[in-house]
Amino acid sequence: MKRRSSFFSLFSLKGGSIVKEIPLQVEVNAKRRKLKVPNLSKTRKRSDFFWAYLMIAPTMLGLLVFYLWPILQTIYFSFTEWGAFGQYEWTGLDNYKRMVDDANLLQSFKNTGIYILFTVPIGIFLSILVAVLLNQKIKGKSVYRTLYFLPVITMPAAIAMVWRWLYNSDYGLLNYLLSLIGIKGPQWVSDPKIALYSIIVVAIWSGIGYNVVIFLSGLQGIPKTYYEAAEIDGAGPIKVFFKITLPLLSPVIFFVTIMSFIGAFQVFDLIFMMIGKGSTALEKTQSIVYLFYQHAFVLNDKGYAAAIAVLLLIIILIITAIQMVLQKKWVHYD
Amino acid sequence: MEKTRQLVTSKTLLIHIILIVGAVAMVLPFIWMFLTSLKTYAESIHVPPVIIPKDFQWENYKEVFTLLPFFKFMLNTLIVTVLRTAGQLFLCSLAAYAFARIEFPGRNVLFLVALSVLMVPGQVFLLPQYMIMVKIGWLNTLQAVVVPGLFSAFGTFLLRQFFMGLPKELEEAARLDGCNHFQIYWRVMLPLAKPGLVALGIFTTLWSWNELMWPMIVNSSPESMTLSVGLSSLQGQYLTNYPVLMAGSFLAIVPMLILFMILQKQFIEGIAITGGK
Amino acid sequence: MKKWLIMILTLALGLLGLAGCSSSDETSSDGKVEITYGFWDKKQVPAIEEIIKLFNEKNPDIKVKTELTPYAQYFQKLETAATGGALPDVLWMNGPHVVQYAKGKVILPLSDMAKKDDYSFDNYPKSLIDLYTVDEEVYGIPKDFDTTGLWYNKKIFDEAGVPYPDDTWDWNKLKEVATKLTNKDKGIWGYAALMGNQGGYYDFIWQNGGHIISEDGKSVGFDQPEAIEALKYNISFIEDGLSPTQAQMTETAASELFSSGKIAMMFDGPWMVPEYKKNPDLNVAVVPKGKQRAVAIHGLSNVIAANTKHKEAAWKFVQFLGSKEAAEVYANTGTVIPAYNGTQDAWLQSVPNLNLKAFIDGVDYSVPLPSVENTGEIWQYETDILKKAWSEEESVEDAVKELTKKANEALSNN
């Protein structure tokens, strides 16, 4: 009876007071139990194992069926070729040999590469800039934060729709505004030379808010003492930024960079929704994942698509490995 | 004194200017989306563009509902999102607790195995997951979208971090009082891990609501489509009638917008936490 | 605490409920049979629902559930549905895909069932029955047919003082009038040179005496001089500024520009009638002739899935779909031109102020859409390669060279 009430009394308390109460009770109980501990340990261990396996079972089973086994299956499929209506046969390394000569695939790598090259650095730079500005003593922070976050909570399908419309060569707002200052706007999403960059702009636009929030929280984690010390030393804002803010923010920057990189690597939604299938801009904007989707579900070339997926896997694994090495070298921890 | 105050105001002004320019860029597309949704087709392709439509064509919104089962899309997306989020929160926290707090043989190995999933790009799972759905006849059903999303290595990892950061004394007390692990999990750990749960919940909700590729692959009949997929099919069916497309897009983002307005703080905190860990 | 338990139980129940909801019960408890009908054109839904209603008057114990899938996803979805054995019981089939589906044994041959029930195939144009005959077996009952028409905007013609198109028109005349009607200041184009095979460059190629797939089915005719000439003519409208460019037409659909009065003329089929009839300025005439007259003819048919669990019910429904009654519903609503012989008049009358006869006339000189086992693959090559010629990025000669190589390769795999 007494024990039960002590247990429940823990819950009527909140916060730090719990911690104060416990040591007393635990000590008392432990003293009482000390004699019985050896016997309990065996049944306790068994009950531990039982509960442990039970609790991890759903997730582990689910991961096994839907994620782990599929990895092996995809690797297997990459060695097969598919016919109509789901029949497939083993063809060994054919798909991989085909990849070497596939101009479309090579181009999609270039496209994805350009996409990453522009989206990640520019996006991070702008996010840090906005985060730093928002971290200053100004009014209306939460209003700004909300506005910058709007694109993040909007579904990519809707974003693609409205930007496609803004970009429309003949009737879109962008080209109209340009015409007001005498420039004939290009075909933003139909010209193979610039379509990719048009998409990059949208990607940056929709991703800033997310990183701003992460950086902001990172910035707020930097102890004020550093800034105060710098002020005493008479350092200007630029120096402060480069010598204090940036280094202390580096774990967060590193994390965001890797996440953005991996995310950018798998771009699909925007390209799928913004570039028309009859447009010649398609070849110059297709990402690797777009090509995967195309082969898997449009051309019904599932074996080849699986090979592309395996290629993606290998690349990401290499990047992750590089990341782990770099983390040790470049990131400053307190 | 005067000089510093002047500097401060001009610095603040500069900051505001930059931020406002950015904010306008963020919001302008949405305003344009809304304005376009109220124009007639002729108005929308008029050169020079009509900024504010003469009459507000609320019929465009009605048109969206007649063209596609939009209510069904919203309902489907709602069901999928709620089930996935609730399911993930429950299953991941369950496993996370076990990994964090219980010593059992194979704990580290199993956890590493689960983690390995995080390193694999999503496309590697797609084809086999799709074939599973085909084989068990779950194409064009909501469960095809929900079920794979119930199991998350990321969620398990995130929550495990959380549990590991909680003081052990509480559990000790509960154990000594004769609670089994499930009760400890249920009554002690879960309430304390609220910030982590909220973070994961927000993250999963956002992702479920906006996901395109997987729902598109498994659901091609309009009754079982989610909003993202429905919106993309609207583009195919109604070709390029932008006012209607804009109306559809606007409708699609309104629910999440409202949710965001209400739970702003939690959203922002949640993202910050997932980013921080 | 109990609240949480209840929540979880509801969750679990919800999941179960979903599982139950979505797997449709094929035979409900009151002895009714339910079959699914798969198709893609939303504009035809009202007519189809009317037909189902009439069907149920005679067969009240067969429930028909419609499954509408947008065309872009239709065959993709069928592919995977066939793999998983989940095809709709009755479904639309088109010429380009029927060979693949028949040879893949995914749809049922109907000849035997027809013979047993004395169902005659003579009620339909022979060319359509032939289209759906594979290895001497008939697989589909023709539903409708379509040819190509020259749609035009009367208002633009009136404002320019040009007489409407008639049957004397040829390629030169089309170009001449398009030039007269193109008005950059008003943002009006004379003719939309859409990149499309049926009702587009196929028609032009045939009009010039060329062919698409050779008699023996082993080679394509894109690299023949007649085809090259036809393609060049088609693209010349874009080159001369008489048509929106390929990029413009991908960003804003030509049919919408046409309905809004920004295009004077374009080729299109009778399936646009429900849409175009809303604009009183629009009308249709016969397609101009080249060296000869030619338009593509194609028609959809209703087929039965091989793995249907309700063969009898499906067959009953398919027969009704092919009946005179069903044809009349299509005709009276002006939805499509029904295939059943003799019912076309009703369709002609359905929209009196449109010159629908242009489509019927076309039948006399129509050429069926070519169909082989991998037609889909060839069409994909056409789109991917010809769009470069359409965007003026590549010469027609280079484009057809590449296309012919790829297409012939595909044909040799048959």
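When the chains are written out, they are named A, B and C in that same order, and each has its own residue count from 1.
Operating definition for what follows: a residue touches a chain if its C-beta (ideal position, glycine included) is under 8 Å from a C-beta of that chain, and two chains touch if they have at least 3 such contacts.
Just so it is clear, the model here is predicted, and its values are computed rather than measured.
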Far-end chain from chain C, centres as C-alpha averages: A
Which of A-C and A-B has more C-beta contact pairs: A-B
Chain whose Cα mean lies nearest the overall Cα mean: B
Averaged-CA centre spacing for the pair chain C and chain B, given as whole angstrom: 38
Gap in Å, rounded to a whole number, between the CA centres of chain B and chain A: 13
Between chain C and chain A, distance of the C-alpha-averaged centres to the nearest whole Å: 42
Multi-partner residues of chain A (each touching 2 or more other chains): 86, 168, 170-171, 297
In chain B, residues with contacts to at least two other chains: 45, 47, 134, 187
Shared-contact residues (touching 2 or more other chains) in chain C: 76, 80, 83-84, 251-252
Residue ranges of chain A in contact with chain C within the complex: 84-86, 164, 168-171, 187, 189-192, 276-281, 297-300
Of chain C, residues touching chain B in the complex: 1, 4, 7-8, 11, 14-15, 18-19, 22-23, 42, 67-70, 72-73, 76-77, 80-81, 83-86, 187, 251-253, 255-257, 260, 262
Residue ranges of chain B touching chain C (in the complex, touch as defined): 41-42, 45, 47, 67, 79, 83, 86-87, 90, 130, 134-135, 137-143, 146, 186-187, 220-222, 224, 233, 236-237, 239-241
Complex contacts: residues of chain A adjacent to chain B: 3-4, 6-7, 10-11, 18-19, 22-23, 25-26, 29-30, 33, 47-49, 51-56, 58-60, 62-63, 65-71, 73-74, 77, 86, 126, 129-130, 133-134, 136-138, 140, 142, 144-159, 161-163, 165-166, 168, 170-171, 173, 176, 205, 208-210, 213-214, 216-218, 221, 252, 255-256, 259, 262, 265-266, 268-269, 272-273, 289, 292-293, 296-297, 302, 305-306, 308-310, 312-313, 316-317, 320
Chain A partner contacts - residues on chain B that touch it in the complex: 12, 15-16, 18-19, 22-23, 25-27, 29-30, 32-33, 36, 44-49, 91-92, 94-95, 97-99, 102-105, 107, 110, 113-114, 116-117, 119-129, 131-132, 134, 147-148, 150-153, 156, 167, 169-170, 172-174, 176-182, 185, 187, 206, 209-210, 212-213, 217, 227-229, 231-232, 235, 242, 245-246, 248-250, 252-253, 256-257, 260, 264, 267-268, 271-273, 275-276
